[in-house]
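Chain IDs A, B, C and D follow the sequence of writing; residue 1 opens each chain.
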Amino acid sequence: MEINGVKIRDTFAEGFGIKVTRMIVTAATKKLALIAATEATGYGTSVIGCPAEAGIDCYLDPSETPDGRPGYAIMICHGSKKKLDHELMERIGMGILTAPTTAVFNALDSEEVLKTGNKLKFFGDGFQEKLEIDGRTIHSIPIMSGDFLVESAFGFQDGVAGGNFFIMANSKMSALVAAEAAVDAIAGVEKVITPFPGGMVASGSKVGSNKYEFLGASTNEKMCVTLKDKVDSDIPDEVNGVMEIVIDGADEESVRAAMKAGIEAACTIDGVLEISAGNFDGKLGAYLINLHDLF
Amino acid sequence: MEINGVKIRDTFAEGFGIKVTRMIVTAATKKLALIAATEATGYGTSVIGCPAEAGIDCYLDPSETPDGRPGYAIMICHGSKKKLDHELMERIGMGILTAPTTAVFNALDSEEVLKTGNKLKFFGDGFQEKLEIDGRTIHSIPIMSGDFLVESAFGFQDGVAGGNFFIMANSKMSALVAAEAAVDAIAGVEKVITPFPGGMVASGSKVGSNKYEFLGASTNEKMCVTLKDKVDSDIPDEVNGVMEIVIDGADEESVRAAMKAGIEAACTIDGVLEISAGNFDGKLGAYLINLHDLF
Amino acid sequence: MEINGVKIRDTFAEGFGIKVTRMIVTAATKKLALIAATEATGYGTSVIGCPAEAGIDCYLDPSETPDGRPGYAIMICHGSKKKLDHELMERIGMGILTAPTTAVFNALDSEEVLKTGNKLKFFGDGFQEKLEIDGRTIHSIPIMSGDFLVESAFGFQDGVAGGNFFIMANSKMSALVAAEAAVDAIAGVEKVITPFPGGMVASGSKVGSNKYEFLGASTNEKMCVTLKDKVDSDIPDEVNGVMEIVIDGADEESVRAAMKAGIEAACTIDGVLEISAGNFDGKLGAYLINLHDLF
Amino acid sequence: MEINGVKIRDTFAEGFGIKVTRMIVTAATKKLALIAATEATGYGTSVIGCPAEAGIDCYLDPSETPDGRPGYAIMICHGSKKKLDHELMERIGMGILTAPTTAVFNALDSEEVLKTGNKLKFFGDGFQEKLEIDGRTIHSIPIMSGDFLVESAFGFQDGVAGGNFFIMANSKMSALVAAEAAVDAIAGVEKVITPFPGGMVASGSKVGSNKYEFLGASTNEKMCVTLKDKVDSDIPDEVNGVMEIVIDGADEESVRAAMKAGIEAACTIDGVLEISAGNFDGKLGAYLINLHDLF
């Protein structure tokens, strides 16, 4: 199968279950909303080493937010409900409440909820007030610069982590620009994030290590461009640049839409030769997404 | 005392000891260096709730970095050496190693060091190499997109957390713009970060709570503009906007320089009326920085 | 009439006829598209002194552009068809053709057209080719870095220049932040631009001059905050900050939608007291847009 | 000659004389200064089709500007003194005076001057005032949002246009990323601009045309990557991507420093194979800058 002359390998991405929250951060201006959204979702590429997987989903025009101000939809994800609860508390409390003019609204309905706002309200030391905005229960907490608004409860649901694809190109920089193009396109798909830096993954890993017993993960030497001539490489001869895109989504459908948009975008970039995907032979993850089935 | 017609209160900021690291993140382009620096320093406003205090110190021109590429100096801070060690490992390993074309160099000489690079090298699964660049010991780790370079050891030293000042203005937005101006000016001072979102603190807190025994900290109601008429407020009559700037630095001298630059910048903004600072009567922190002594 | 406690004056904005073009600039990545769109629309605040009025309308996701790449809709406007023709030729030829990986497509259907692409094609010196993309006639011009694509003809129509409103606030900075919020909201309305720097107008002018006969326009002293106590000012007592938003649109409907969105956004900002608009008693412009009629 | 394994051709760049102005635009915040600087320097890639060549030289910290606020040094250039005078008047009057909180200071001393501020002051309609700031004669002009400050006179000097080099790489995207890296590095050199979009030139031209007598310039087919197999190409076999950097500077020394910094930066990018430069056999330009002499 080919898209725009680029070979799409007959393989699949293997994704994992993860608990997903999605909320809307608004502020007086687009710039202020972005500042808060960025702080709250930083240090969140992978739960392998970060306290959560987190990222900005998309920008929302004032006409699309509960309080008519510019906002960003963000997602914070973790496999453990308890840790997710902690992360929402701290990422909202330390990264959004502390930012000027912000408010945070739930953007994911679910039966079971995390009562982040209901707990954060005590920071108001008795001066907090309960409001209703857009049919939602909101706590207004007086802070130095004004009042911080936070929704009482945030929904969470079983989503998908680790949706992915590899971009293989004729040079390192072709793969890099294609990865940027893919991230740009995925930004237009709702309910997904690309949690790695700038949305791009420069390093691929394998489970365990061939050499060091104490390692849980190590570089995937068969996919390293600079080791092409030193190992039994999985990289085709004409490929000299490889980048990966990793996607977390609120559901499989959104991850599939993101993979499709990202792959199509990567295939518009001169020098991209093949698209592949990462999996563990279907032995580890609950979601197997075949690349050919996306199109 | 007045600067540009703005009253500088005769008070002091009370800072605390914290262990500080400083490193240089370089990449192929300024944009790529910023992406990695941002991810690695996110979710790092205050150790009260974040795993570290972290931020970008300044941009460094290619002529100022060890490998002649554009870079950002970043700082990661924690009170505990053990936790600082963990944070460097994960913030570099998950936020910079995973970003395309990056390298990380130490930017703080000290006797005792954190051997982050020396540990991260094992990710190379035997394919890592030891290099010398600019007189430094560097580990080159093959990753999917190329080779990630990381210095073997990073210095840390006893620095200062919680340098601060308050901006009091005729309106909320005057305080907000003045805070932005202060952050812009502090960006020109080396060896300091303003770890809160966009460098600005919209919320001030007091130790403990008047109402809830289970709280370690709660809103400082006497400094909340929307509670001015409801409590025995510390906010002058004509003041309707308050913002705080919090500064962490590698040493007291740098924090003092940052406070000076930030206060002078805030005083250029129309509507700023008074500058104050936060302290605990000198009972909690090791560093007492009098505002009048700065000028 | 009040919105969110802000008085909306019973007055009208007076707009003028102008010829409007609208085109889509795409590139390999969002960033590259923005670079080209910015260069091509710079130095374009008002035809009083600039060669055209120009600006970015909105970002378009890859799914919304003719070639499936990220793009920006831009608008270039002038009262004279001949000058508009010249501006399209030079702004596309010098500002977009010269930028890497770009393409330009028409985004305004009309009977009469400007044959910009049909003229630019000769730059290809015989190596140009005619293509059909998305049902459009496109010229592919080989340049150093690849092939530049430009649609053969661009539509233009009679639009509206000078849609406007004034934001009056309790401080200069409240007016400034409210102007930024208004621009953010107007960005969500299609077929309009806010051509002044950052979308905001810091200076208002009157026709002619009281003092200098040689001047065609001079400062509107009755609306200058720093002259409030020196002249017979139009600024209310409690107002200390004034900013204007000026809007050009492809049609009156779009300008009205932009004024509505911008005013509503300004009214979310703390400290905004009144919204007014600029007119010449209806004697100069063809479009009279009453503020109260917008809501 | 080689740098980092990249061949530097034994050739020279041919530059032309141009009159250069340099000024500092300051504002309340870095962001506001950038907005004004960007508007005032847009639509300014080449005097072949643009009304001027213009660009941002560098950011200046508050400690480096005449009024202690963040600023950008910008340069506006033209071969004709009369046209340069016009461009300063309109680019400052329409692009900076109209932007909130700005001031403009001269940054180039010369005997002969352009009296831009002295003429712009009449916009104040009698309410303007003359000030002295930092030893400079400044006109304060009341505008709607406050007072606009502009220096009375701006220096200009005979500078250099068209300093340049070509980046030749193994793929289009390698050349593109290398061009971005070069622009990043040149940003650290004072008194120069890279006036093309994002600092990069995607199109190279030759004087006249082989096919169309009416053309003054046309594509340089011998340097077009997509025509490599169709013409007697100047592009080496292994090169598949070409980008050009064009530099204007206040003097030859600055242009040489910029070329050096830019070439060294391009040579850090994986896939760059050769650096060349554009000239007209020394027949047209006054400045011949040999690449080998730079190092």
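Details
As a convention for this text, a contact is a pair of C-beta atoms (placed from the backbone, for glycine too) under 8 Å apart; a residue touches a chain by one contact, two chains touch by 3 or more.
None of the values given here were measured: they were computed from a predicted structure.
Separation of chain B from chain D in touch steps, taking the shortest path, is 1. Across the assembly, the mean Cα position most removed from that of chain B is the one of C. Averaged Cα coordinates give chain A a centre that lies 25 Å from the centre of chain B.
For this pair, chain B with chain C, the centres built from the Cα atoms lie 39 Å apart.
The set of chain D residues touching two or more other chains comprises 28, 31, 146, 172-173, 176-177, 269-270.
Residues of chain C touching chain A in their complex: 28-31, 61-63, 67-70, 146, 177, 180-181, 184-185, 187-188, 261, 264-265, 268-270. By the touch criterion given at the top, residues 31, 169-174, 176-178, 240, 269-271 of chain B touch chain C in their complex.
On the chain A side of its complex with chain B, the touching residues are 28, 32, 35-36, 38-46, 48-51, 54, 89-91, 93-102, 122-127, 141-148, 172-173, 175-176, 179, 196-198, 200-205, 209-212, 214-215, 217-221, 223-227, 230-231, 241-244.
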